[in-house]
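In what follows, chain A forms one complex with chain B and a second complex with chain C.
For the complex of A and B:
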């Protein structure tokens, strides 16, 4: 039985939107302090919608894939929807995650919601905040 | 395996050697129980005896001193439990913090029963200082257990020096030689007890041995029969023992050829190629088992690199892994003094006789490319590591 879904393998082997936006409107940086997985998102926002988003990620294969998946799924999404993103939806985007990979859906949901919160509050993360 | 696949996880298990596979088949055709007195039983007993003689030659013990077990973990358990069970679970055990969990977990369980246990830490090089073991010995020390070569780093431990110290102190010495059996000469180690496992050197899984020097008091862990000199009850795995013996014979022939030099050259080819990726450190210094190449790549995670290689048909191992958001960091590398982040960036490539120079070159190319991509993905987040 494969360890990873086709979506995870696709994004893990061919990550999209990798890097940091030069003039981002908002930055969110969340890390799991136990296993060390970290995702940083930088985004531009137009009319309360995410118009461009990129990632940097350190961690297990599923965490890297979820970071890449997030950048595709969040692009064009209303911040109001991002603010309530839950891990189940992230896991669906990832084509399903096994129980031992589930923590990356939690991390993905945390960093996405943090992005929306940071934009609302006008702050950016310089260092990872605990999540995942 | 397809031509594109490269198996570099020999330290986990080695492919079954063809001569061992044939021997197992021959063994399975023997219907008798070696304990039976009829002709069928005697044929099985003869085959078992021949296998025992081969394994004894590998270990430098007499055939009567060889106890067949189910593998390395059982051999380690019998060495530790058997020694202290024979002494009412009293006395002192000296071992190291870098042993395989088959030794560590038994040592901790013995401590729960009242055995005094000292864990000696390694040097940053990955090696145990024999003097540290000597300093840990006490008047009531019964047993010292130090592995011959570490399973994660390949660091070869100074067993002969430790044996001289323990012999002088009148203390028994056990060595887990699971990773050196069939590769290095075990006959002059001077240990009282030696654990080996067949599947690490081309034999079948589910068979191993513990060499027990005559005169060492040992109690059986598995009881209920007189097999294996009363030290391991249960009908013997005749086919497994025959397969193990065939693998031993093959390894002993190879040890007298230029195989060891070829293996060191292949190790150097791999390491020098991996250095091209930059930010690469080898986790151990000499003396080291040529087959075990433990390296770490700054700014990436070893388990993630292993996944990339897996998807490209290259099979390696890592001492650390992320499971369900919980961390599992190599106890060996952290005992050497590496930070948890550094230990998480380690990968173990373990070589064997079927690995070619072309395989090594492919592994180097794919690994270098994968490391570069993972570092790009991590960006400044990874550079903080």
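For the complex of A and C:
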């Protein structure tokens, strides 16, 4: 089995929706303190659905790709569905992840759910880091 | 001598006449430059008018364009790759005090070359083929992509037994001592790890007044830097003195190494404590204020590394480190360059695997102390 799925290769090589939205309705950040992978999502919300979402990510190739994949998959999704997103679904979106990449599915699920929770609670995460 | 010979037998490659070393290194780096210039559009764009044909002699090596090592931390670092992601075999990372990981992606050929070259370097410099290794660091199972641990882990191939003594980001010196005692009299014992954890272990032996005499051929082998995340530096002289006193290891057998995860250069100390640049690399010292200017050997400046064995991305890197290079004869008989790290460039974050481990070790210990302090009486 190849180390990276075609979906991961595509999104790593051609990332979509990079950067931060200027007037975001909600921001969520999750980082893995051990390996350093981190994803920041900024989104606009209309009628309890995500209407636009962008990312900043740092870390392994799978983390960068999953962040990009998330922005495509979450766009138009109901916040209620985002709030229960699980890692298996993220791994499916990524075309499958090898065991050593599995932590990225967890990271992706965590940051998506945090986005929904933050919107519900009216809070925004400060991104602790800013990449160059 | 071609690149395969340099990588396969670094000990021999480090002992060829100086003129032969210069010619072989120039040929290898010119070929590497040509490879990336042809296949990597991003890198080619950085080269401007310069082409591989312009790199003729050893004196031209400094003209090969460099990539600032900070680019490996940036979003969009995929543009650095000459190989496609489908060809990437390993991702190695280092996280410094800033929290953003630097990730170096290596294809199969680069991984093979680097592994073989580093192992050959260990054999040449340490001559170890048996014994037991007390690894004062996490295992690769715990931190599979941490560069320092990967480099240490290669050493296990030369040993009969080994143990990793940092688990779940905690270090137990008593357990370390127990392993040293278990191996005593049956195997030559070596200690491997970043300087600050070895220093912690020696501090424990000192405080507990526990004398340990390792074996005549025992070595202490280190990587990870001498500056702690707090900014405090560990004194090498003081370290050596304590290693002699508390572990019975003589100075020529206390060895440090220098490298960075983005490069395949691991400079290993000989018995005279000079760190030898591997035969497939050229270290160029640059003016801090103008990195285009190469400084002569002996002058202090920014450390740039040109690495001939990397096919995954151009291994021509301007690091955030400051130091010197020395091309004078080393009493150990090896030719080529030796490198000395002085400090990080002003403004650069303190960043390496060892710093990351140390920071977490300390944070866990603080948490553990708080737990004890908050615990109800009688618990």
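As a convention for this text, the second predicted complex is superposed on the first by the 125 of 132 C-alpha atoms of A that agree within 3 Å, B and C clash if a C-alpha of one lies under 4 Å from a C-alpha of the other, contacts with A are read in each partner's own complex, and residues count from 1 in each chain.
Basically, a residue touches a chain if its C-beta (ideal position, glycine included) is under 8 Å from a C-beta of that chain, and two chains touch if they have at least 3 such contacts.
Owing to the predicted nature of the structure, the values given are computational and were not obtained by experimental measurement.
S.K.: Under the superposition described at the top, does placing chain B and chain C together on chain A give a clash or a fit?
M.R.: The answer is clash.
S.K.: Have a look at where A:56 lands relative to chain B and chain C in the superposition and call it first, second, both or neither.
M.R.: Touch partners of A:56: chain B and chain C.
S.K.: Which partner does A:20 contact after superposing on A: first (chain B), second (chain C), both, neither?
M.R.: The first partner, chain B, only.
S.K.: Quick check for you: in the superposed arrangement, does A:120 touch first (chain B), second (chain C), both or neither?
M.R.: In the superposition, A:120 touches no partner, neither chain B nor chain C.
S.K.: With the two complexes superposed on chain A, say which partner A:2 touches: chain B (first), chain C (second), both, or neither.
M.R.: After superposition on chain A, A:2 lies in contact with chain C alone.
S.K.: In the overlay, answer first, second, both or neither for which of chain B and chain C A:46 touches.
M.R.: Neither: A:46 stays clear of chain B and chain C.
S.K.: So, does A:102 touch the first partner chain B, the second partner chain C, both, or neither?
M.R.: first
S.K.: Between 165-173, 183-191, 201-209 or 291-299, work out which stretch of chain C sticks into chain B after superposition.
M.R.: 183-191
S.K.: Can you list the residues of chain A that meet both chain B and chain C?
M.R.: In chain A, residues 3-4, 9, 12-13, 15, 18, 34-38, 56-61, 64, 100, 132 are touched by chain B and also by chain C.
S.K.: Looking at the complex, which residues from chain A come into contact with chain B?
M.R.: So the residues of chain A touching chain B come out as 3-4, 9, 12-13, 15, 18-20, 29, 32, 34-38, 40, 56-61, 63-64, 99-104, 106, 132.
S.K.: Flag every residue of chain C that touches chain A in the complex, lowest number first.
M.R.: Contacts found on chain C: 70-71, 73-76, 78, 84-86, 88-89, 91, 93, 95, 98-101, 103, 105, 143-145, 169, 360.
S.K.: Give every residue of chain A touching chain C within the complex, in rising order.
M.R.: Of all residues in chain A, those touching chain C are 2-4, 8-9, 12-13, 15, 18, 31, 33-38, 56-61, 64, 100, 128-129, 131-132.
S.K.: Quick one: which bits of chain B touch chain A in the complex? Just the residue numbers, please.
M.R.: Within the complex, chain B contacts chain A at residues 299-301, 303-304, 307-308, 311, 322-327, 340-341, 344, 373-374, 376-382, 385.
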